[in-house]
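In the two complexes that follow, chain A is the common piece, with chain B as its partner first and chain C second.
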Partner chain A sequence: MADLSINLAGIKSPNPFWLASAPPTNSGYQVQRAFEAGWGGAVWKTLGEPILNVSSRFAAVSFNGQRVMGFNNIELITDRPLEVNLKEIYETKKRFPDRAVVASLMVEPKREKWHEIVKRVEDVGVDGLELNFGCPHGMAERGMGSASGQVPELVEKQTYWVKEVAQTPVIVKLTPNITDITATAEAAVQGGADAISMINTINSLMGVDLDTWNTIPHVSGKGAHGGYCGPAVKPIALNMVAECARHPRIHVPISGIGGISSWKDAVEFMLMGATGVQVCTAVMHHGFRIIEDMIEGLNHYLDEKGIASVMDIVGKSVHKYSNWGGLDLNYKVVARINTDVCINCNKCYISCEDASHQCIDRLTDENGKEYLKVREEDCVGCNLCSIVCPVDGAIDMVEIPSEHPPMTWNERQAAISGLNSCNVDVK
Partner chain B sequence: MSYQEFLAERDKIDYLIQQGYYIKNVRENLSGAFVEFELKMPDSSEKKDTTQILHIQNADARKYFSSLLIRQMKQAK
Partner chain C sequence: MNLSLSDLEKNFQEVEPGLTDREAIEEANRCLYCYDAPCIKACPTGIDIPAFIKKIASGNLKGSAKTIMLSNPVGASCARVCPTEELCEGACVLNHSTKPIMIGKLQRYATDWAIRNEEVLFEAGKKNGKTVAVVGGGPAGLSAARELARMGYTVTIFEAEKEAGGLNTYGIVSFRLPQKISFWEVNQVKGLGVQIRTNTKVGKDISAKELLDDYDAVVLAVGMGKVPMLGIEGEDLDGVYDAIEFIKETKTNPLTDKLVGKRVVVIGAGNTAIDGATCSVRLGAENVKILYRRTKEEMTAYDFEYEFAKQDGVEFRWLTAPKRIIGDENGKVTHIECVRMKLGEPDADGRRRPVPIEGSEFTMRVDVVIKAIGQTRHLDLIQEFGLEHDDGVVKVNPENYQTSNQKVFACGDVIFAKGQGEAMVVTAAQQGKEAAYAIHQYLTKAVSETA
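Coming up: the complex of A and B.
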């Protein structure tokens, strides 16, 4: 059995799976049940001045029979008084001293407000703080959440104010509703953040009812944008984690959040630089006990790979993530259709013909049987045919050795630029 | 046919290289690449143009001359 414990900027937990600050961490009852199930940590639902919520609050996108591909909420931070939450945090930490209990915080961008809440929360023995600069709805209209998190100067300043008084590690949770998340991540580092977490939810409107023309969800016939999360956002989150992980001036640990539903998702985030992960939507969909499969799967994976500690995989794929200009233009793959597996549905043919490079031929063999064949010399290796193919193993993407050494766009442009600026004398 | 276009343009490039030309200049614009070749050590007894310009339009052919250019620059060092 591998060692699954992590240490994120000094916050220790027995495994890398934490509950994200969200409805599943609203109360001591929930967090303690989660810890009983095996979760390594929990970021308490955001504390601040207790709010008022609306009804209804959630909506989801289902796609082709898959429920909750994406999830949207317009619920705000805790609606319970701080004292109530603090009492339950204290009791939870006392009962589960080995688990990470992190308090998510959100107050107005005023120094004294941050100082007050940090001191009161730390008094009950939390392991760390997470500053919510990401919540995109409701609170943002009041200058908090993502409204703060979209302005690097505010991120830096508020982080600094927290660090003036904080005794525990400070994680800054970032909004994805920004063009370049590394700008705010760097601001958090400048402000003294011990770690960053990402992503919070993405601005979204889930739909419009075709009969009533109401938004989905709606509140008495009116709607407002919510925060989008769930499996559909995972690629966006993974990219943002990776962009921060490979950024030379963002040198703090990352807690990965966004569509993580399985141990495999967690491994991907950790390989791309996350020290641990936070989960919400998958728990809202399936309950706390998904942690059993996550721990078991991660254990098996590490054992099969011969890796002693999960911390050993953190960041191992970051060096493989580059700018487009650093990719090899001479690398080539082509599609190859295995006719013994292919069911001749023509999905690949249609996709290639209509949307790619028209390099699949429909042919007939000597027995009159139709088959599909890729003209490899015309294939650009886009992967579309293998993506749309409904049969596993019917299309392989095969690497074709290049007669030329690797050549990136950046190298090519440098060569042309160098040639044109001072002609090389090869005479 | 894209591959046929590539072969045709690659053959023109290869022909000039075999004739002793090297890539002297590359100008790229909306129409593709205009690659200027110059003859190495022109033989004065032969009536050969010392410079040739190829208009390379095919994407793979533009990769191709780029690889040759990088090789040429490495050999010149």
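Coming up: the complex of A and C.
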């Protein structure tokens, strides 16, 4: 059994799986149920000034019959009095001292407001704070959440205010609703953040009812954008984590969030630089019990790889992520169709023919049997055929030895400009 | 028909193919992952079915196999032989909306993975210094031994046969349950340090008294014995077989062509009768008939077994009982005389009693008669242990499987009788587990009382 415990900027938990600040962490009852099931930590549903909620609040998209590919909500931060939450946080931490209990906070961008809530929350024994600069709906219209989180100066300033009084590690939770998340991540670091977490939810409208023409969801015939999450957002989140992880001035630990539903997702986020992960939608879909497979699956994975501690995988793939200009132009793969496995659906053919580089031929063998063959000299190695292929092992993307040494675009440009400057010298 | 031995061997390859990776992923993702799922309750061993299926979906196949085998120490065999439509799959909530999840096949997918990867799924508990003798290495005995070993007991299984596994190793036809599956389950138990003394028959090679004297507790899980005598003339003729011995032969010795082109009748309509009949078909018999003195309604074979036999071309003759087996001058079976039956008043067990119709006798030409009318009891052994029994069915406290001798616990077919349990492999496995927990309670209580 590998050591699954993590230490994220001083916040320790027995495993890297935390519940994200969201409906599943609304109360002590829920968080304690989650800890009983095995969750390593929980970020409490965001505390702040009391709010009012609407009904209905959630919607989801199904994809090809699978429910909850993506999920959205227009629920606001906690609607329970601060004192009640604080009492329950205290009780929960007392009952589960080894788990990470982090308080998510959101107040108006005023120094004294931040100071006040930080002190009150730390008084009940939380292990850390997470500043909610990400929530995209409702609160943002009041200048909080992502409205703060989209302005680097506000992120930096508020983080700084919190750090003036905070005794526990401060995590800044970032919004993806911004052109370049590294800008706000860097601002958080500048403000003194001990860690950053991402992503919060993405602005979204889930659908429109074809009969009533109402938005989905709607509140008495009207809708407002919500926050999108669930498996569909994972690639967006993974990229943002990776971009921050490889950024030279963002040198704080990252808590990865966004569509994480299984131990495999968690491994990917950790390889890309997350020290731990936070989960919400998968729990909303299936309950806290999914943690058993997440822990066990991660354990088996690490054992199989001979890795003693989950911390040993953190960031191991970051160096493999770069700018496009850093990719080798002379590297080549081509598609190869395994005729004995192929079931002749011709999906690869038509996608290549209509949407890529027209390099798959439909042929007939001496027995009159149809088969497909890639003209490798014309194949650009785009992967499309293997992506649409419904049969495992029918199309392999095969590496072709290059005649030329590796050269990236950046190296090429540098070489050309070197040549040009040589020319100048000669002249 | 000209059948070579290699044709016959092909006939004995597993009939049902396993799921491909793609099929398994698609099916696993179709599972709703119900909470407090009815399939769990329908499984006699209480496997957390949604959890093991979720683990297939997540790619945690080792965890999936562990979840299965934790609840059911013979879960790989059960994936193949359980009447799933009557158990887990019958309870699947998707019966009410689309179609049920193929739970049995997914269970097989996960356990096949573990078999292929030679995974060791469990560890023995810290030794507690107590010893338990398990008599019989079939599903119930293995299950009890596995759980006892996990709790730290030093366990010895006494197995009369050359290999452990019982019914799964010898009694279920290879084309439904290959022996290697059963052997893997046996090896999982051995891996926990359980000693299996094969070729050791309690009552002959070692006495019941020795076990009672030398061990802190005894699990009696000897199952049942041979097929009883029909009690008709000609039963000792050449060509009359005991179905259990007949099936065992196909699982232990090279297949022979002695049934090629022969006419076979099987007497009885339980699952063993079906196995005897389909075995005969696959050994090349020209015609195979099942004779049953009652009707299809009273037949004890599972529906899927019945369908399987029909697919194999087995003919059924309901309300037909054998009266006499006729042989030639060399003592070889040539004919069987039968009598037609009708159903009379219900028996003690509620099934209507078959009554011969006078003057309805007829004779059929046959070469082979296979008897599959139930199994005898290991009466001598039960008496040697001095246990109370009811016609060879060991009496136990239904709460904890304790027999009239407080240090002997009995489980599996040895306690199976009408109205007491079910003769399924999966039930035997569950009883074995429960007997193990009862022994643990019994022995720890004894310790705390003397302390």
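Everything below uses one rule, namely that the second predicted complex is superposed on the first by the 423 of 427 C-alpha atoms of A that agree within 3 Å, B and C clash if a C-alpha of one lies under 4 Å from a C-alpha of the other, contacts with A are read in each partner's own complex, and residues count from 1 in each chain.
Just so it is clear, a residue touches a chain if its C-beta (ideal position, glycine included) is under 8 Å from a C-beta of that chain, and two chains touch if they have at least 3 such contacts.
Keep in mind that this is a model prediction, so the values were computed, not measured.
By the touch criterion stated above, A:L419 is placed in contact with chain B alone, chain C being left untouched. Looking at the shared chain after the overlay, A:L174 reaches neither chain B nor chain C. Once the two complexes are laid over each other on the shared chain, residue contacts for A:K264 go to chain C alone; chain B is not touched. Residue contacts after overlaying the shared chain place A:L238 against neither chain B nor chain C. When the two complexes are overlaid on their common chain A, residue A:I360 makes contact with neither chain B nor chain C.
Applying the stated contact rule after C-alpha superposition, one finds that A:H404 touches chain B and leaves chain C untouched.
Touch criterion met: A:D378 reaches chain B, while chain C stays clear of it.
Within the superposed three-chain model, A:A335 lies out of touch with both chain B and chain C [touch as defined at top]. The residues of chain A lying in touch with chain C in their complex are 66, 262-264, 286-287, 289-290, 292-294, 296-297, 300, 390-392. Partner chain B is touched in their complex by these residues of chain A: 329-330, 357, 375, 377-378, 404-405, 407, 411-412, 415-416, 418-420, 423-427.
Interface residues of chain C, counted against chain A in their complex, comprise 21-22, 29, 33, 35, 51, 54-55, 58-60, 62-63, 66. Touching chain A in their complex are the following residues of chain B: 1-3, 22-28, 40-41, 63-64, 66-67, 69-73, 75-76.
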